[in-house]
Amino acid sequence: MHLGGAKRAGVMSATEVATLLKSEFPQVFQDGSGISIEDAWHGGCRVRRAFSDKSLRPGGTISGPTMMGLTDFAMYVAILASIGPVPLAVTTNLNINFLRKPAPADLIAEARLVKLGKRLAVGEVSIRSDGEEDLVAHATSTYSIPPRTS
Amino acid sequence: MHLGGAKRAGVMSATEVATLLKSEFPQVFQDGSGISIEDAWHGGCRVRRAFSDKSLRPGGTISGPTMMGLTDFAMYVAILASIGPVPLAVTTNLNINFLRKPAPADLIAEARLVKLGKRLAVGEVSIRSDGEEDLVAHATSTYSIPPRTS
Amino acid sequence: MHLGGAKRAGVMSATEVATLLKSEFPQVFQDGSGISIEDAWHGGCRVRRAFSDKSLRPGGTISGPTMMGLTDFAMYVAILASIGPVPLAVTTNLNINFLRKPAPADLIAEARLVKLGKRLAVGEVSIRSDGEEDLVAHATSTYSIPPRTS
Amino acid sequence: MHLGGAKRAGVMSATEVATLLKSEFPQVFQDGSGISIEDAWHGGCRVRRAFSDKSLRPGGTISGPTMMGLTDFAMYVAILASIGPVPLAVTTNLNINFLRKPAPADLIAEARLVKLGKRLAVGEVSIRSDGEEDLVAHATSTYSIPPRTS
């Protein structure tokens, strides 16, 4: 399987993933949560977090936990889009480098899976302030995928 | 400087750190936020996050971002206790391994700095469910410390 | 299972692990390789790397890859001591922070497993220059353990 | 500064970096070391490690420390190409995920800096077996850059 190159459709679309998450994870994803799935494909996705004063730190910067939560969310969306519903997939590792102070703007996170195995999915996530080229954070993360019964 | 061995008093006590944080970071630390600083010493601290249904994921587990936020908070408290007020210290890296499903109980995070330099502080954080021996998560993190004017 | 507290004997002793590794991994562990296993117990071990001019970098410091290799070795020894021969266990993640310039002396690495599951083992490794208290490096690492047939 | 998009020339070419490293780091880079710099540009590089039986593990796989050393080397080349000679730049963090068993072939590592600040450079490194698309390892790393006197 090749995860690079041109995007191809996942087994679930952005809309289908959103519907599943609203049903399964209403705590973290629902209308009004400020998070939206802009696109999803086999091996990746792009998600947006609306700017909110609540996630600000002194100095006007967006908090680290906000970006860590967004990373985790983007990874999960990329996995769902690639292999379909696996509600019990769990994060086993997340490593994030905070690179620049974010602008007071929406955050855009783009996830790209670099491994999609039977037991583990590994990906990297790039986070930018909307409209900017430079990254504000870069993360890698591993999810453990439970055995699937067919 | 030796960061291991017997605990010795930090330059700020747990109470002094709490007072500073309520003043500087009311978004993340205030009465009712569910987070408390149990102890703080030179090179480390122990903090508690009260159990809350809000941070639950399907299956009854506490969310990863909750534990990442707690890690980040514990690191910051350990730094403040060790070197005093540095409000603009910022996280540059956080790496976390999620090890076990947490119990539906308070989380206890213990931070231990392994380096406390002029520009960088590096530490590890162990997270347990209250009353348990096994770790539910283990993290390492780096903070960048701004130049201090004396 | 509790991995903290007092050391208890592993299923393989330091000598038994050394004998296994000389047989299975002569490329990395043999008489004259400069690496020795000082102690091994359930959930951890202590290994030593003799100082060698060959691993020096300009400025007289020991190279990063030398410390990464030592981390990987210590993790593997801790796993073998804890669960017995699993020659096909493989590293899936290694995260290392380099903290101080090492002295021109032997390196001592101490590994401590924080999770020992059926599929994954996670541990942390502290590296010191012989005789020093402060860490020169601190790492965490995950090994994938293949299914064992009984 | 924008590190993405089209490649642009670095302040040092691949040949100039190689000449510097042969002079400064003969322990790790010299004719016969098996490592070569294929290309280098502002913000990145591509390096090759010739296949060698010496770095094999049981089962015919290339060792983790070999890939960690290659990651570290690629990061350093990318930094030199981008900002010129900084012999005392040192690695402060390296996080690597091992994704697949490498083929018995040359390894190709491509580094891409995601931050190039005055004090810190952060990058990601993708490692493939020559001729393959899938990654065998993916790493992120941080270098500390000493103050430069002009």
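Quick notes on this one:
A, B, C and D are the chain letters, set down in written order, and residue numbers restart from 1 in every chain.
The criterion applied here is as follows: a contact is a pair of C-beta atoms (placed from the backbone, for glycine too) under 8 Å apart; a residue touches a chain by one contact, two chains touch by 3 or more.
Model, not experiment: these values are computed from the prediction.
Comparing the chain pairs A-B and B-D, the larger number of C-beta pairs in contact belongs to A-B. Interface repeat of A-C: among B-C, B-D or C-D, over half of the contact pairs recur, by residue number, only in B-D. A straight line joining the Cα centres of chain A and chain B is 25 Å long.
The geometric centre of chain A is 27 Å away from that of chain D, both derived from CA atoms.
Chain centres here are Cα means. That of chain B falls 34 Å from that of chain D. For chain B, the set of residues that touch two or more other chains comprises 92-93, 95, 97, 142.
Of all the residues in chain D, the ones that touch chain A in their complex are 1-5, 95, 97, 99-100, 114-115, 122, 124, 126, 133-135, 138, 140, 142.
Looking at the complex, you find that chain A touches chain B at residues 24-25, 27-28, 54, 56-59, 61, 63-65, 68-69, 72, 87-88, 90-98.
Chain B makes touch with chain D in their complex at residues 92-93, 95, 119-120, 142, 144.
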